[in-house]
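The same chain A turns up in both complexes below, where it pairs with chain B and then with chain C.
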Partner chain A sequence: MITNEKVWRPDNLHDAWILSSKLSDQCCFVSGGTWLRTQWEAGTKEMAPHLISLDKVPEVKEDISLKGQLGQEEVVIGASTTLAEMITNPTLNEKAPVLVKACKNIAGPSIRNQGTIGGNILSCVGDAIPALIVLNAKLMWFNGDELVYQSIEEWLLNQDEVRDILVSIHIPTDKSKGEHYEFAFYTKVGRRESFIPSLVTVAGTGCYRKGEGIFSHVSLSVGGGNVVPIRLPNTEVKIINNEYSSELLYNVLRQVQQDYKPIDDAFGSAAYKRKVAGNLIVSELYRIGGSNHALE
Partner chain B sequence: MSGTKTELSSVETRHPSFVFSLNGVETKIQTASSRRLVDLLRTDLDLPGTKIGCEIGRCGACMVLIDGKPSNSCLTMAYQCEGKDVETIEGMNGESLDPVQKLFLEEGALQCGYCTPGMVMSLKGLLKEKEKPTYEEMKESISGNICRCTGYGGINRVLRKLSEG
Partner chain C sequence: MHLNEQTNSRPWRIRPDGQAKVTGELRYLTDMTSPGKLIGRVLRSGVPHARLLSVDTSKAKELPGVVSVLTSKDVPGLNGFGIAEPNQPVFCEDLIRYEGDAIAAVAAETNEIAERALELIEFEYEELPVLDTPEKALSSDAPLLHAEGNILHETSYSKGDVQKAFNLCHAIVEETYETPRQMHAFMETEGGIFVPEKHGKLTVYSPTQHGYKDQMQLARILGIPADDIRVVSSPIGGSFGGKDELNVQPFGALLALSSGKPVKMHYSRKESVIAGLKRHPMKVRMKSGVNQKGKLIAHQVEIISDTGAYATLGGPVLNFATEHAIGCYIIPHIELKGKAVYTNNGISGEFRGFGGNQVIFALEGQMDRLAEKINVDPWELRSRNLRTLHDLGPLGQRVLPNDGPSQVWEAIQETPLYKKTEHPPSVDEPWIVTGKGMSLAMHGSGLGYGIPDPAGGQIRLNEQGKIEVAFGHEEFGQGLLGTLEIMLLDHFNCDVEDLEIIIGDTALVPPSGSSTASRTTNMVWRALQNMKRPFLDKLFFKVNELTGEPVEQLQTGKNGIWKEAKQGEGREFVLTFQELAASCTEPLKCSTEFDFPVTPDPVIGGHYLYGSTSVIAEVEVNMLTGMIRVTGIDHVVAAGEVVNPLGYLGQIEGGSIMALGFTIIEDALMENGNYVTKNFDTYLVPTIADVPEIQHVEAVEELPEGDVHGPRGVGEIGSVALAPAIVSAIKQATGKWVTKLPVNPETILNVWDEPFPMDKEERKKGRERV
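And now, the complex of A and B:
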């Protein structure tokens, strides 16, 4: 049993930031706390002498809402929104179903009642991240002076040590994709049906013009295990403005396996994970385009 | 706002008191803020029906309801219970058996019984949320509960019976 003598419970963002500045590396922010407690008990992370709970900070508890003008709307999600709240939210189900699907695939119902989207992101390996990447999500941080935006993709490339407070997640909903069929997919592969860490997770969004068989606006992401999820821009290039064909599928399969660099672990080799990632993305493209085009 | 104000408004005593409802009874307890709920229940409050298993939220043996929702008490800290409504398996200790408990007995859905309180609490959480959940919804609701005696056949029969009404 690991306990800590001080839990600070500031009631606003400024106070939380001042506390973290003063306590420096002796503190840690806590929201749901599920990921942190797991690490403390497993001995992979030491419990900080001071915990700063964000449960009374209204800014991070903002309800999921649609904001902005028509054509430039975005879904705003407070960082301490639980995964369960995200799954049942009507706005999110309408505007970002791929993210809802991702949340449904994280842990079990009881963890989702407590664990938050902010915590999932800050773990850097959370299963919601691939979905957020393909949705071009932005993170809003409080740095002590002001609120600043950063794309999740950019943050993942430079996330060494977080000092700022993650306030909210912003998902643009205007993609200007016209009337074409939009697709979104999210697939997680683990070692059993549910409540299992991911071996490989893929997510994708885009458009497919059925008449012409052409893909556009494609975004792809892959992650899983202890690997920080990445976007696959080189693979996207192989697909965008190209016609569905068996050659395209083979090109995509090869490119994913070149771009994705997972690591070996006790449950799966890097080569296996690369192959699974490639097969998952190709199977989704086949599902989207294969019904209109018999493979030659 | 000043840094001084921050310190004064946020500082806590070494062992603060927390008030919450426990099985319908207002309960006040003085403890470290980060102490786990499962330890409070079993050690301080003498309610050992909530079990300790994996201690990392994987097995569901420690399942309780917090504000009606299934929660892993091994992952919940004392301060997170403040003002909340906490229900444990002991809260079902009425004059007659709860229908879920009765079905577990009738279907032989337990061997050692260690996982059973957690299974029951997970199902009770779902039944609070939905009056008539489907079999699939019930199966999903206990996806965070593990039975090491491989008693899933009996547990599955409980879900079938419950879904049939």
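And now, the complex of A and C:
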């Protein structure tokens, strides 16, 4: 049998970009390949005749590190960092534990040893995405000429055709939110306890001034299934600068129902996913704001 | 006997095949290869229902590297297989009845070439309306899937006058229960290697639960004598009923004989899902009524099983379901009807529990609902209706005296989970609610009346001086080897090194019947009972001849034959097994043949021996998601003596985890006759994170006086009664009765308007109520 299939391994971003432009729809970037293989096996995606590996490109392999000056620091993660590496990285555990939690909830250990953060993002439905949204993560792309930044939220709104190369992920660790109690949560619900695609995933960050019981700087995101995760700005508005109360919980529950529009699939109806998303978010607010419930 | 902790009084032996399995060293039959082997592949229809108009293999045959391409025209014998009724064509002739139907098969030098060849086979068809539910298949205008119609098998049983009895009932519950299409999910998918031998003979290395049955079926297909086929069938990477029927064997055998070369076949998981058997989805409608005293007086049952495109054991599964829809309860008025219906769905067939799991879910559900309706404790209601020692069996047949149901009813009340006190929802997670539920069942062993159920075995002192036993049974993970080893050590007091166990090879073992239906432990136990004395007599007679030692003072032991101890002296070694073997011109041997014990009454499918079980389950229900977490399961099993405690525990835990999957997550979804869940990324089995940390297993070993039938098998009983216990626990936690499995979280979530009592005062009240 004669085949023209080939695996390419360029050693710099320029060559990689030229190669992918030339081969166009005949090629596909592969890193861990865990999700691609699942789709190839299921027959939901054709295997491209040309596969491009970026395992020789230094920029995408960059180790997780803390960069920038005090007050404007960011954690930089090379796109080909594996999920397992993220989970064990001390910097990430200190600066963005919610992202670590997200990674721990993806698939099983063998998959996390191969699957990368870049691949998770480029799937557009990866379980790390809601955490990255609420962390205000930025993506750095190589567009053939230069490196450009884009917020992940913005990219998700127009991710139809990716031609650029995802190089790294940047997470600001700025403390301008103040001295107040800072919270972050991430919850994924699937049809079983582990090694399971998400039905609904929610993530959130924000501040809660304990003495006054007031929320501020709240970011919320929801995703799951084949839905591209979104941010929930209208729900955030219902929380920001408001005091924790059962009324607030009811308002949030109602608002999520309006803001989140998942789709039916074989394993869960849209109505179910919407309801679960709202429930998960109010349960997290209860954990944060209902803290004097210990006295009940 | 409490099985979770090691005791010195019982053999606590690690299974002999354990280490090789967990380290991955063990080579399964599908790991085998052969020089110059070809790869065999099957072309599937891909459409669930169509008239097959033509098949053109000419282009595939021309492809370099392709050695053999076969269709229905190339089957020398019967183009059909099926244990009970051979109505599944090896290759379709004119009608495609499901998406896994085989159109053609190819043997080629490489997998890639074989795959390309499949693409080059052209077949024309005309699609027909898809009968994807039994209801559609039963409608008067439905096209016929088989010449005899769309009903594979019907059952009925009645006694008394149900209609009149319902009029006299104090309370009646009527409900329809639905169960999922569960997948066996064995680790090793179907496969094997098929080696042509001299003079047109064939050796088959392919997993099955009954080597001799495969030999018979293959002989029928190939049109050659059964003796010309050797079937090597163990070890097996899991089966659970799923490899009982032929799968790759017809294709591999035909391709090997036509190409004259060894042919290897191994289904991908996707092909295994599409072509393989599943547990019968059933709809069970039950109407049951009790009198003022809580005695069941009327019970009406209608079972509809979706048997898919072909028969395999769909009929016997329905028979089993029919009997177990009455189970261990004494009811004077009964009317029961069952139908196994052909559809264009995937084939349903044999699966651990064999139709019992589905109807026990319904029957126990009825008991719980009736108890609620008349405000009686559900366990008390069961007690009022349980069979006693000498009652007839469920279908009125005579059975061996059996009070297992009362024994397990009693014993479950001593388990840790039963005694555990409830706690209110926590302040930290007020959305977690908990509940406990219990259920009970009796489960038949053996194939039942009317189905040939022979057994047998052979023992000999072989040329190497080992006590060698040979059985036509299989090792598919259930632990036969470990159990046999323990029985042999017990009988002969020798060393493991003195033993040789041979199974799974028709060239070496006698027919022993199938390794199914919780029958194997019982059958090998009885075979050894039958053979022990005559075998020892032969050994000792020969020793006497050689040494003059008196026969009555001889015994077997470590390394050989010993003379029993006299007072004050130790026992004396006489000669080694090797010495004894060397002095024999022919091996000393014995064999036995017998049948599984069966009821004397001609009740088709009716059983004679039963095991009993009760189970208690604890669940946490998450009000945020409607998801269920099973946090505790305790079992009581009454199945006679525990031969192999670790094996017994493993069977109950394993069966229970399978039942947990059946209850809360497993369902092979089909849409319009096509599988939606084609792999383990969407078809979910429980992981270690989904199962309780510990399942206490208590074995009740006492058998009624005069019961000489020995230990019953426990391969299935751990899986039969868990679903209703979980559903009852969910009811306690949520107030919601579930009737359809697996439990849909959405139906649970819809119980509540809000995810937890969000108002502080309401939360307080909730906890006070508990």
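Quick notes
Keep in mind that, in the parts below, the second predicted complex is superposed on the first by the 287 of 296 C-alpha atoms of A that agree within 3 Å, B and C clash if a C-alpha of one lies under 4 Å from a C-alpha of the other, contacts with A are read in each partner's own complex, and residues count from 1 in each chain.
Here is the rule we go by: contacts are C-beta pairs under 8 Å (C-beta built on N, C-alpha and C of every residue); 3 or more make two chains touch, one makes a residue touch a chain.
These numbers come from a predicted model, not from an experiment.
Once the two complexes are overlaid on the shared chain, A:38 sits against chain B and chain C alike. In the superposed model, A:266 lies in contact with chain C only, and not with chain B.
Contacts of A:275 after superposition on the shared chain: chain C is touched, whereas chain B is not.
In the superposition on chain A, A:195 makes contact with both chain B and chain C.
In the superposed pair of complexes, A:145 makes contact with neither chain B nor chain C. In the superposed pair of complexes, A:84 makes contact with chain B only, with no contact to chain C.
By the touch criterion stated above, A:15 is placed in contact with chain B alone, chain C being left untouched. Shared contact residues of chain A, touching chain B in one structure and chain C in the other: 1, 38, 41-42, 193-195.
The touching residues of chain B, counted against chain A in their complex, run 1, 3, 5-7, 9-12, 14, 32-36, 39, 55-58, 60, 63, 66, 69-72, 74-77, 79-80, 122, 125-126, 140-141, 143-145. Of all residues in chain A, only 1-12, 14-15, 18-19, 22, 30, 33-34, 37-38, 41-42, 47, 51, 53, 55, 84, 107-111, 113-114, 193-195 touch chain B in the complex they form. Within the complex formed with chain A, the residues of chain C that make contact are 65, 110, 112-113, 116, 268, 270, 427-428, 430-431, 623-627, 629, 665, 669, 671, 676-679, 681-682, 684, 686-687, 689-690, 745-746, 749, 754-756, 758-760, 763-764.
Here chain A touches chain C in the complex through residues 1, 38, 41-42, 189, 191-197, 200, 246, 249-250, 253, 266-269, 271-272, 275-276, 278-280, 282-283, 286-287, 293-294, 296, going by the rule given at the top.
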